[in-house]
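The following pair of complexes shares a single chain, chain A, combined with chain B in the former and chain C in the latter.
Entry: the complex of A and B
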């Protein structure tokens, strides 16, 4: 039975729950908006990275750098789209 | 077809490796789809047109349950892939069934959430905020719903043909899809709900 529950996956799950609990502090503690956003940005991106490496097995094969490169490129384009738009429409620059 | 036994079953042929890489390319495009939805949401979230805003309609309890359920399902499908790699067909199928049931619970809570919003006067037509909120959540929910059918179809194939390079490949690709939806949900949870309730 124990061979069905590898340590790596269990640690990954526990860590993802800890990250969720950490993100929740912005709701339960009285935090400034800026401080809260920093907490959310850190917990969300660490959580995404955790899923990518532990659960999606992104680094296991020969094409790992092509996979990481592809995802990193798309994340960059996604962030440029999000923040570029905010810059124009909300922050008025 | 040349089968390389040094690699996990889902990677064992050239075609399998290409299928998995192809799916990563698809997921990268999906990142962009959700990025545009988030962009529109962030741009329009304060345009409530006299209707309710996020602080008024978001409730922490159902959101927390949805998050916990989806995180757990991401864990169980990870265990499913592990069981598949050590050749345990029955355990793999059990983990996949648990994953799909958790997905069903998630969809149940999300539908209930939508019904609550509509009762509170936050419909798709109320304001730019509610329209973008429901489009973003709905696109994610539609992906999970599609995943339920896809996962069931794969389970039937595994049941029928056992763990072959083909079925293992399909199962692994499905697990990538499921983990991806979990990642998208983490961003929805953080930057729509928690940010809205902060």
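Entry: the complex of A and C
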């Protein structure tokens, strides 16, 4: 019976709901802008990874390193783009 | 009548009216010709609905060549205008439109389809696959590119061309300073073809990761396949940025948002930032496949395996990562401080290192090789010194302090043409000549080909080297004329002569195609260049399933091993082959995208909404359609194979 129960998926679903609730607190708890952004960024990235791994089956095939490698590359480039833009327009303008 | 006034061109001239008539006559001629020769069915069945990667590759190639001539005519017009001081050939508005169009056409609608032509045609053959991973998506990519290009091309006869440069910087590109619909065309045409490009990126990555022949590990892939893989990784990484930027620009122009406005919290400089976050990797998207083609050609005609395979791969991967960290060097003078500029200067100069590694690897491949100076090899050997000049001036431009002197001058124009023409255009012409026999079953004439190579190289040097000098003397780019007192006249005349020589060379290439169709021998076999990789291991013409038996690979040059070292390439036996079915949906979807784009350009909301619904209907149709492909029986394969073997 236990192998029929989609344990991983249920856990993933519950966890993604928790992350959504955590993100919602930004609206209800009247946080400062900086604190709110930190909560949103962290929950957003964890949520994206969760969806990718649990519901989009990223780690289930032999070529999972290709998928994870690509995700890591993309995230690195996205961070470079964001921080590079901040450098140009905010920190050094 | 009022409704139709919006389609009128804002700045008419005799040349545009003549073009309108010419376009109309050409379209009538095409329709009449197809009807007279009863080719509509053939066109639909064999080409418009095809999902075969080889045919899609050839269609990309034809589109790229047509666009090369369109962009080339623009270039001649620009050089003619600048040939003498105070010239009145083009007025400033037309000059703006022509240089904007020239840039967009050459980058988006000439170079991009040219590299896709080779990716589509060559990569599945090189990795021993029967097609790409998603054949129908591939067809959709092509038709989105094609209709995007057509949308852009009609701009100059309906509504007016974009006139804010190929970079389309805001606030100039905003409604206030560019009131005509030209920039709408820019936003939507590039958007449509960009979506197609993104799909190709996903398609090629999946193909290369999932469909390689048995035994072909990643480090045994031919270099062009490696270049394609890295290129498409960059495509998937950066094309979403231009998609978003174009969407924001479209919103600004059509719906009154203020993303790139100078008021209400908008930031005009953000467009330049986002454009170059995509735009700089874009130039590596163009040059890396070119490097791949050079690697194949230099290795083949030196009779040696490629020197430094691993360092070639590593340098491409490093270039792909660095290419995403240098974008601000396109706007060193925008006002950011020394810290930001220094960072982007250093990363920019760092790219010269892996590029230099590649140059040395090619030189070492040539070293002690048995070099055959065929036309593709001439282009590849000519590329090395000319591209190095472009690279060195690139390092000069990368120094942000010095860039205050160089920026926005003809020096910059000379630099990027110096990398793109010997880099990309030479590679495309080399690849065209190299793969021509595989595509069409006969070789291009070598003597005419050599003439066109030398004319192109000499014309290139005459056209662009003077610009380095006038640029350092202060001639600004995009300036439609200059006074005689500046002294730019003689060198610009020289540039014009060079452009003319290049035009003659391109005309010779066309003549070469005509001449070779008529006189070239057809019994050339499957491997006319004595090449090394798998694409030459199948028959010419290539059967639709590419390889009757799946090839088995043990090195990066499996075909050479099979020819010289007794490697058994096809150890299996014939089995029935699973192939995808043709489909008209990609073509229809592309056409609907064209209608959508056109409606959006002119703010015709009802047709725009209807075409959006039709696009979703096409996608829904695809989701619910049951299409399991078809099988080619063993008997049919045997018949085809016997027939093809008879030719050789």
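A few comments on the model shown:
Quick note on the criterion: the second predicted complex is superposed on the first by the 84 of 93 C-alpha atoms of A that agree within 3 Å, B and C clash if a C-alpha of one lies under 4 Å from a C-alpha of the other, contacts with A are read in each partner's own complex, and residues count from 1 in each chain.
As a convention for this text, a residue touches a chain if its C-beta (ideal position, glycine included) is under 8 Å from a C-beta of that chain, and two chains touch if they have at least 3 such contacts.
All figures in this text were calculated on a predicted structure; none of them were measured in a lab.
When the two structures are aligned on the shared chain, A:11 is found in touch with neither chain B nor chain C.
Once chain A of one complex is fitted onto chain A of the other, the partner contacts of A:43 are limited to chain B, with no touch recorded for chain C.
Using the contact criterion defined above for the overlaid structures, shared-chain residue A:89 touches chain B and also reaches chain C. Look at A:63: by the touch rule set out above, it reaches both chain B and chain C. In the superposed pair of complexes, A:75 makes contact with chain B only, with no contact to chain C.
When the two complexes are overlaid, the chain among chain B and chain C that reaches more residues of chain A is B.
Of the two partner chains, chain B is the only one touched by A:55; chain C is not. Within the superposed three-chain model, A:26 lies in touch with chain B and out of touch with chain C [touch as defined at top]. The contact surfaces that chain B and chain C form on chain A in the two complexes overlap at residues 63, 66, 70, 73-74, 77, 81, 85, 89. Chain A contributes residues 63, 66, 70, 73-74, 76-77, 80-81, 84-85, 87-89, 91-93 to its touches with chain C in the complex. Touching chain B in their complex are the following residues of chain A: 3-6, 9, 12-13, 16-17, 20, 23-24, 26-27, 31, 33, 36-37, 40-41, 43-44, 47-48, 51-52, 54-57, 61, 63, 66-67, 70-71, 73-75, 77-79, 81-82, 85-86, 89-90. Partner chain A is touched in their complex by these residues of chain C: 209-210, 233, 236-238, 241, 267, 269-270, 273, 277, 321, 324-325, 327-328, 334-340, 343-344. Chain B contributes residues 7, 11, 17, 20-21, 24-25, 27-29, 31-32, 34-36, 38-39, 42-43, 60, 64, 67-68, 71-72, 74-75, 77-79, 81-83, 86, 88, 91, 175-176, 179-180, 182-183, 186-187, 189-191, 194-195, 197-198 to its touches with chain A in the complex.
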